[in-house]
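Okay, structure first, notes after.
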Amino acid sequence: MSFNTFGHLFRITTWGESHGPALGVVVDGCPPGITLTPEIIQRDLDRRKPGQSKFTTQRREDDAVKILSGVFEDERTGGPRTTGTPISLMIENTDQRSKDYGDIRDKYRPGHADFTYDQKYGIRDYRGGGRTSARETAARVAAGAVARQVLEGVTIRASLVQVGPHKIDYVNFDWSQVDQNPFFCADAKAAAFWADYLDGIRRDGNSVGAVIEVVAEGVPAGWGAPIYGKLSADLASAMMSINAVKAVEIGDGFDAAALTGVENADQMRAGEGGPHFLSNHAGGILGGISNGDPIVCRFAVKPTSSIITPRQTVTTANEDADIVTKGRHDPCVGIRAVPVGEAMMALVLADHMLRHRGQTGRNGAVGFERN
Amino acid sequence: MSFNTFGHLFRITTWGESHGPALGVVVDGCPPGITLTPEIIQRDLDRRKPGQSKFTTQRREDDAVKILSGVFEDERTGGPRTTGTPISLMIENTDQRSKDYGDIRDKYRPGHADFTYDQKYGIRDYRGGGRTSARETAARVAAGAVARQVLEGVTIRASLVQVGPHKIDYVNFDWSQVDQNPFFCADAKAAAFWADYLDGIRRDGNSVGAVIEVVAEGVPAGWGAPIYGKLSADLASAMMSINAVKAVEIGDGFDAAALTGVENADQMRAGEGGPHFLSNHAGGILGGISNGDPIVCRFAVKPTSSIITPRQTVTTANEDADIVTKGRHDPCVGIRAVPVGEAMMALVLADHMLRHRGQTGRNGAVGFERN
Amino acid sequence: MSFNTFGHLFRITTWGESHGPALGVVVDGCPPGITLTPEIIQRDLDRRKPGQSKFTTQRREDDAVKILSGVFEDERTGGPRTTGTPISLMIENTDQRSKDYGDIRDKYRPGHADFTYDQKYGIRDYRGGGRTSARETAARVAAGAVARQVLEGVTIRASLVQVGPHKIDYVNFDWSQVDQNPFFCADAKAAAFWADYLDGIRRDGNSVGAVIEVVAEGVPAGWGAPIYGKLSADLASAMMSINAVKAVEIGDGFDAAALTGVENADQMRAGEGGPHFLSNHAGGILGGISNGDPIVCRFAVKPTSSIITPRQTVTTANEDADIVTKGRHDPCVGIRAVPVGEAMMALVLADHMLRHRGQTGRNGAVGFERN
Amino acid sequence: MSFNTFGHLFRITTWGESHGPALGVVVDGCPPGITLTPEIIQRDLDRRKPGQSKFTTQRREDDAVKILSGVFEDERTGGPRTTGTPISLMIENTDQRSKDYGDIRDKYRPGHADFTYDQKYGIRDYRGGGRTSARETAARVAAGAVARQVLEGVTIRASLVQVGPHKIDYVNFDWSQVDQNPFFCADAKAAAFWADYLDGIRRDGNSVGAVIEVVAEGVPAGWGAPIYGKLSADLASAMMSINAVKAVEIGDGFDAAALTGVENADQMRAGEGGPHFLSNHAGGILGGISNGDPIVCRFAVKPTSSIITPRQTVTTANEDADIVTKGRHDPCVGIRAVPVGEAMMALVLADHMLRHRGQTGRNGAVGFERN
């Protein structure tokens, strides 16, 4: 089915609400013998953690992860190793400010899922958004850290490439910049410009959207399961499942619509290690299967829906009202979506690595190698 | 899992190659008691059928569907009805021109999945693209026709909204135009312009991409299963699984990234039948659940990869070569993706209708109705 | 897939090792609005808890359950209610005696999964059996308690019906006896006899197997999803997944093989509320679908593999050795499997109730009611 | 989900009714490069085919299989090979005698699923039992033949071991006898005795049940996915899904309940190729994982429900009636279940081989090999 589980052979089930005692994830199907410690997971969680700059929510959460199962160490394993059994990860919620929930209990916040949860379930945990809170993505990032450990030889990185209407200039693209600015942006100049721009947005009690690009290098040709488990389709589902995401594209994406077939063809040349492509309009995926080139995926995040500018809404009793969403909100929730995008890429790839290996008995041929 | 199955409670499994004896689909989980005849399915198949204008491939296929199981009629049912058992639909391939496959057997066509299938499976049916051929989408359209029968009260329509760099003007949008031109285009003027434009592209031995918009009206609030079975995530997966699709967006999609939170908020007002939204930036989906407004989804199709302009490639023996893809190809494969997009929308919605009903015991509340 | 998840629409994912910090379960797909408190779950957990008589392991665990997510209360709900989001339940391990694991680390215990886990994963948490410990069934019982809440109108009960070679006499069958003896046995006389018999087995450092019967009353006709999701097939899988279970049967089960068609036919008679059956050889399931009669399922549990009589085995280094499994073991592990069998029945039925409702829009017709 | 699909990585979806135009199966996830021809599949189908002796139904069906997709041959492959895409197999129904269905249309046959299908779906194809007919098992046998091709090195055989109350004597067990008598019985003496016995049953217008034993040799240690995808649990589900099956056991099964722990322990000894077991009470499965010994599974088939002795029933209008099920029926439907049991064993094992390979990267270690 679906609901709160993602993936097939390597798969995760997340749980938890924003203001409950904890949230977490069960990672099932992880191969045995993989090195795993809380520190490895914490590294990724800390990148997503709120409160690290004025451009993200000031909510303070340690987001300290505990490994409750699935990892074992004895003197013969030389360190903590996964055992092949389910890995349960838990993060306790520590910053649950007691406050008056009156407004979000009784009014539907535009852009939020308050109305639809009520319509679907007839009940909702309104405290901090409950299950719809972006806090759920902490569980994804924790699980993504496990997936990265599985993906030996694969490098997954992401960059914010657009904030509001302002896109980066790819001429300045430099991965080493990503952790040098509060935007996870590979273009230092854009980051500097965005800082001023976002400051203004924040002071206005407003918010903006963003676009994130995720790139995976080192993926061998062969991963992806046509027709309905295409690597591209699973990436689209993965990214679209992130809070506030409204669009996903692979390679040239929407721009490919404007190209001609002559322009869009990624031509090939022979080489010693096998054929290679002269361009990567395809974003590393052909027919739903990786082609050995970098996997390139972009997704758009809508502006943070929680803003302090009043908006028109209705109450749960179907009466007109205005609402102002007070609290500690991200002026651009897209920023913290960067590590989440990396995590989702890792989760999709780990799953497809195992599925490919299961069906074909191969890990995926690099270059021209057919095994 | 995935592979060749799509959906959960209402789900389809497609099979068949371009030049095999037949292709088909098994529709499993269809509710019992639904009216179904070959004519109902044929109506949708005929819209997708090739060879209907000079802008689509001249391959001629009847695409005549047979219902092999799952439908039964006796005097008491008042016509053929689904029985709740799997519905097997088959379409025989009638136009399998015998020809020399030398080139596509021995060379990888840029933009096609020849190389990746070889890398994944070590073997491929190269005749007409085999399993990667767009003929597979006939099976989707047949299954989609069944899904539409299930979705009483829901109207699903699609329009081509961009061909190459040329977008339609939404001012002229008129659903009644869609079946009046060879482009399934709701803007008659755009269609007229595209006709000339595409003629030139075709004569140049070139091709272009396109964008399709699919809209579902009449979907009640409440469908969609957070967190990983969001309606938006399943639509993204569904559309991205269509041949040559590289991008998907819901509502404002990528444009939402450039909006502010004030602009993007779909404000609400109370009304007699319950609350309603004053705008639909969200494309009818909030938090992964339908909100009662029209579901709006767009996807981009890359230019047809089969072109008669020579492109550089390699042989299966890893030697440099040029390739010209002769044959009967669509100058804009996006045109025939229009009915396919409708079918995928229907499949996703039928599945979510059943899943919602299963979990909550309700069909989905229209308007403000909660139970 | 499978691994550590059971069920489809109503489904559980369990995690945790015997000597890790905790074990737990995520219940996903539970309908919203159901009353749920820790006390409701604890009631079932306490029945399964070890250390309650000399016939079960003396390991002492409180098995105190915590609800970490998926339940919410505000003044309008009138008590804690499920919200439709995943319910995370956790039980901390409190009795992890520090001890020397030398023997079970280095030798394979006959009848246990030590050897096969090593063969499969190349690593295992040997402390107390790790993931293979019967402690995992606490998570099932906790989840089963949630399923029972969903199954309004359905009564699920179980009885031990055989210990070693000694079967109960169904003439004495009385459900009210089940909680009056340490064997969950509906036949008070058998229970008294077994007490003496098992005392001898225990003193001999030996163990015995058992058979459990689970009965569900109040299940309407119509649940079960042919062909591969038959109610009987899912029950078989559910019961066989319990530790040490080697056999499952529905209704007359193996005895049906010895009957003739004339004897085995459950004849029907008309009645005011609809047809009824004159016998129940079928155990309430025909063609994989419930027929309105009680669902009857039996399963066999092999003798506890941990015994203090020395047995021949090999070391992990492939050397001959003898092993004695010291520790606190159940002389008849089948006893504590009784509440586990009830839980698995509840989990299967809750899942099928939702699936049936999803596909047909009905809850299942009671009697002849067709809706 | 479930419904008409079985398996995960290697999985099948069957379709078709007894008196529809055809029935079939889609085999998805089959590894590429496997030799497959209609002849290979036909061999297994012919063993199951009706009308081969007076002890099976006289309905005459050719059961000729067609491969519609997923297999390809060119000069380089050296014969027809699977391509990794879905394999669609179809068997046309040729013996659909036109006849009066009045009785089975209007009356519920005891022991059949007529009543429950009506209760579940509100409609049923009553011709020859429709979807509930044992003809569906032809699709399983066809798919099982594909699975056998995948399972290189694994030998799967089955024998009828009980007819009515008469069990075989294992002293006479000889696999070479299985195809020498009309009962697929490994005990020639039992087969001779059963011939007389069944003749009497048939002349009396009665029927009897049976027990089948399926054995798989050559399965390496390591297959099976705890906790809820145990090899034993999946076998139980597989066998219980066969028409008329009411019980399943692994290894000693129900007899294990009567053993002591000392008796039941399969002791181990070291050896050159690794450890081995001194007995096989476990039936080759420990903790849900294969241990390298033969997998032993038995299942019970109830007596054929279609008998010509009148039985009491009700009409669809809830009125008392008697029914005699005329037609061409098996006096012991268990006989033809023998090849079906083999097929289900093959399907479970092929799936687990791929799943094990996916999660661990190994094919399953034979003997003590850990790799």
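Here the chain labels run A, B, C and D in written order, and each chain numbers its own residues starting at 1.
The rule is short, and it goes like this: contacts are C-beta pairs under 8 Å (C-beta built on N, C-alpha and C of every residue); 3 or more make two chains touch, one makes a residue touch a chain.
These are the chains along with the protein names UniProt gives them: A, B, C, D = Chorismate synthase.
Please read these numbers as outputs of a predicted model, since none were measured by experiment.
Using the contact threshold fixed earlier, the set of chains in contact with both chain A (Chorismate synthase) and chain B (Chorismate synthase) is C, D. The interface with the greater number of C-beta contacts, when A-C is set against C-D, is C-D. With every chain reduced to the mean of its CA atoms, the largest distance from chain C (Chorismate synthase) is reached by B. For the pair chain A (Chorismate synthase) and chain C (Chorismate synthase), the distance between C-alpha centroids works out to 38 Å. Per-chain CA centroids place chain B (Chorismate synthase) at a distance of 44 Å from chain C (Chorismate synthase).
Computed from the mean C-alpha positions, the centre of chain C (Chorismate synthase) lies at a distance of 26 Å from the centre of chain D (Chorismate synthase). Among the residues of chain D (Chorismate synthase), those touching two or more other chains are numbered 1, 3-5, 8-9, 14, 29, 32, 84-85, 120-122, 131, 226, 355, 360. Considering their complex, residues 1, 3-5, 8-9, 11, 13-17, 20-24, 26, 28-29, 32-33, 66, 68-70, 72, 74, 77, 81, 83-88, 90, 105, 120-126, 130-131 of chain B (Chorismate synthase) touch chain D (Chorismate synthase). In the complex of the two chains, the chain B (Chorismate synthase) residues touching chain C (Chorismate synthase) come out as 1, 8-9, 29, 31-32, 84-85, 226, 354-355, 357-361, 363. Chain A (Chorismate synthase) makes touch with chain B (Chorismate synthase) in their complex at residues 1-6, 8, 14, 108, 110-113, 115-122, 131-132, 136, 162, 164-165, 201, 206-211, 221-230, 232-241, 245-254, 256-271, 274-275, 278, 281-283, 286-292, 300-307, 309, 311-315, 318-320, 334, 355-356, 360, 364-365, 368, 370-371.
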